[in-house]
Amino acid sequence: MEERIAIIGGGIAGLETASQLSKKGFDVVVLEKKQITGGHVEQWHQVFPDFRDASEVLKNWNQHEISGQIKIGIDITNINKTNGLFQIELRDGEQITANAVVIASGFDLFDAHKKEEYGYGIYDNVITSAELESFFNRKREYLIKSGKTPQRIGIIHCVGSRDEKVGNPYCSKVCCITGVKQAIELKEIYPQAEVFCFYMDLRMFGLNYEDIYKEAQEKYGIQFIRGRLSETSELQDGTVLLKVEDTLAGKPLKLSVDLVVLLVGMVKGSVNNELKKWLGIELDLFGFIKPPDAILQPNVTNVPGVFLAGACSSPKNIGDTVNDARSAVLAVEKYFNHLKG
Amino acid sequence: MAGWGYSLNKDRQIDFDANDRSVYFRVIGLEPSLGKCISCGSCSATCSSAVFTDLDIRKIFVLLSRGELRDLKKHLDDCMLCGKCILVCPRGVNTRNVILTIRKELEY
Amino acid sequence: MEFDLFVLPFSLCLLYLTVYLGITYYRWFKALPENERSKARQYALTSRSLSAIREVFMESLLHRKMFRKNPLLGYMHMSLAFGWFMLIVVGNIESRIASGTHINLPYYPIFFKFFHHQKDSFPLQAGFNFIMDLFLLMVLSGVVLAFIKRSRSRLFSLTRTTNHTMVDRAALFSLWAIFPLRFLAESLTSAQFENGHFFTHNAGLVFSHFLPVSDLMYPAWWAYSTALGVFFLALPYSRYMHIPTEVFLIFLRHYGIKTTRSDNAFSKFEIYSCSSCGVCIDTCQLNAVFEKNPVPPSYFFKKERHNMPDEIALTSCLVCGRCQEACPVGINVNGIRLNARNREEIPGKGGFADFQYRFPKKSKALYFAGCMTQLTPKIKRSMRKIFEMAEVQVYFMDEHETICCGRPMMLSGQYGQAEELIRKNKMIIEESGADLLIVSCPICYKVFVDDYNLNLRILHHTEWINELIMEKKIILNQNDLKTVYHDPCDLARGEDIYKAPRQVLKSFTHLAHNEYDGRQSLCCGGSLGGLKVSFEERKKISEDALDRMKVASSDVLVTSCPLCKKTFDTVSAVPVMDIAELVAQSMKTKKANNKPVKETRLENQLKIY
């Protein structure tokens, strides 16, 4: 066969797509901008719903199974489509030719600096969920700046999601379960600490998610308070004062915590605008890549030969992403079958 | 701080059959963004007056929609119109104008 | 005395107009509060009247301010106003000399050429003829321009121009007709009697080639008189009421009378002085939001004159002041708009007086962050750093709880409740014994300066930072940032502060300039004056403003208002920073001071738990 597929992005979507395409006999080249593959999952500690280690999940993709190259540290400067062939230009001058392109460039995390009133980047003990994962992974040395053991931790849902004021009115889908997961993980490290989740809604949409929520309440004693944080302030001892309305009790709630964890949502991949410029693909209102038919053909774009896999088109969890990658592979196969006759 | 007083009426039930919800529909007609409210409570949390009084914006909007109009106006009078609630609302509800509109509608 | 029936339309209507105006202005004047009326009486015979006369000449006749803003429009109005004025004045002198009497009936000078046919019958007749023709030509050039403006307003740099009512149209067409008809009548008369000059006489000669001059002459004078009559009749009910009203406005202003919050009887003079020139229409940023925008004062005042207040004009106005800034008559638009809101709003029964504020505390200097600044903690932190570096001990008045300064309440027209908030805050400020108050929010700053009547120095933080830099109390590292500064409405137009922040930015960044610098600035859209503006509408206004200021070509958008910052943050791709943040992060650290930022004299403050 030897049709060559370029896969932009070496996260789990890219890896799964590459792996499945290889099994079908295609030649693939994976282009990853960082120095390691694995995308966001590589940064995580344990993943829901079964608390498997992220590193276990990543072992699923063995480089040797991929017939082709995985190139890291890549910076794409241009992509041209001429006569059905894609010419990808890299910053070091190298040119890569492909018969089709699968965009698996994923998402970025919401920059919590934009929610200035939450104190991220201003107060010491306000961190994001990603930074918490780094701590779990031993890649971050401390949780509380002063080194003290946290007595109270507040986890804030919907940071940068469902928020018109930062331009992201959509729901990022996976942050709620992430919050519950991290609450449990925190309790396992600090069983004496009180952990609070401040939410607007609890979106436990997936298999076993509701069970995890129940376990969080029952086994771990995590407390769920329905109220959206309006602002924080820092007290003399470094603790953070939360201003929140306990909507279920119907009263304002004052709570000072040792640590605030912001569950930051998913935003469009930073490369999407450039991809649009180079390839002419369509983006939706929020910058995610838009397939013409998101329900029945979610992996096909308006440009023949350009396909989508993973969270570059919308927020997804790992299971969704893997499925989506496989679905993209089918779409690629169908495309080439069609070309041949 | 005192809670809401229901001293005369012992029935706790919100009676949708009996309650006058026309005020709510008039307010929504004049300020449609109220329809978007998800009662997240950001407005109440940030409210400047809430520190000093019983003013609870979210609760007022909910009670209005249920037709529970007792005491609404009294609490709304504590609003300083500072506008912080508009800045924090994630749905873009024009909370300040809802308050002004409820005040006007309840006056009649 | 010479007389003809045709002078009747002119004379009777002039009489009607004079009586109507006399009664109206008398009633309006009587409606002013006593202390204002006494001002008028006190100053009537002083030099203030002379300066008023001077302004009437410069503005009502020569339209100097309008000329500066829009030369073509200015010339158009000037030629009509000044030209007509000179025709009347010179005409009166001419007719007195010609008739030899001091007293003429009003119609005589107007229809002088009809009654006086002889050539060389009085001294300087040729000279007078020349001057009259010259001014007639000038007025006609204005009429032509006015006609063109109606159909091709873009030539006048106006994208939109005012709409007219029926009476306005009657007044407009009769006004346009007056001078062409005068021209026709005088030319035809000159064709017969040769009493014209370079303009009317030559025109008459041309007409005599193809028109029955002697038959048309008399009807032409009738037409001229009728046009004048119709104009006089329509004037008081049309936008042209501004012509006489403006004169009274200028005099009363010079006597120190103005529209205030407690009295708006004077606003009658202001509203009727609006000539509907339409210069304000293009300035209104709500044009980006409404197809037919009823908010600009040109329309708003029209509705007020007819006692039919427009809901949108009342509630959607951002009270940004751009229209007021552009108004050639200098009408206090914002004041009148807020008074109208006060009239329409239901006053609430505020209980702010019994707010238990917990920390009145003694301090030489106070810092009032403001309600909005609670949502922009970077500004607070930056100010703390700067206070540290400058070694100024401040009491952070509203660190834990804020009593709103009162201006947002005022913007909604609820003056009484705003007064209560002011009284409460004023008490706290005065009890502190401070002699310096530094404010981060321009909205608060404006109300502190205008309405609090405080006996201490009040500075917006940009002014204070500028002082610190000039006094070398803080030194800033240079950087390569391309900055663009957005002037908040309440700071630039509200309190004339736009030089200080620019001086600060120029001293350590590369500050860009655009046509919206200073008092011309655009509103961010976040305005608390815009009571009924929706979130989507505000976004449009913000995006439009960012576009116009060409923010995309800068590295940072700098502003000095927490509300502007938060509003632009929602839509701007370029980072938005307050000037305090930029300054704080660029300060050269002093070698001796190793104190961490948090630990300040503020540690003495009580905690609320």
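Letters A, B and C mark the chains as written, and numbering starts fresh at 1 in each.
By our rule, contacts are C-beta pairs under 8 Å (C-beta built on N, C-alpha and C of every residue); 3 or more make two chains touch, one makes a residue touch a chain.
Fair warning: this is a prediction, and the values are worked out from it, not measured in the lab.
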Checklist entry - Classify the inter-chain contact topology: is it line, ring, star, complete, or other? => result complete
Checklist entry - Does A-C or B-C have more contacting C-beta pairs? => result B-C
Checklist entry - Rounded to the nearest whole Å, what is the centre-to-centre distance of chain B and chain C, using the mean of the C-alpha atoms as each centre? => result 38
Item to check | Centroid spacing, where centroids are CA-atom means, of chain A and chain C in whole angstrom | outcome: 53
Item to check | Sites on chain A at which at least two other chains make contact | outcome: 117, 164-165, 231
Next on the checklist: Touching at least two other chains at once: which residues of chain B meet that condition?
Outcome noted: 46, 84, 87-88, 92
Item to check | Junction residues of chain C, two or more chains touched | outcome: 374-375, 535, 566
Checklist entry - Which positions of chain A touch chain C when the two form their complex? => result 114, 116-117, 119, 122-123, 164-167, 231-236, 254, 256
Checklist entry - What residues of chain C sit close enough to touch chain B in their complex? => result 315, 345-346, 348-352, 355-357, 371-372, 374-375, 401-404, 408-409, 412, 414, 421, 526, 528, 531-536, 563, 566
Checklist outcome for this item: Per the touch rule above, chain A residues touching chain B in the complex are 117, 158, 162-165, 169, 200-201, 226-231, 243-247, 250-252
Checklist outcome for this item: Interface with chain A, chain B side, in the complex: residues 38-46, 50, 56, 58-59, 84, 87-92
Checklist entry - Of all residues in chain C, which touch chain A in the complex? => result 374-378, 381, 535, 566, 569-571, 598, 603, 607, 609
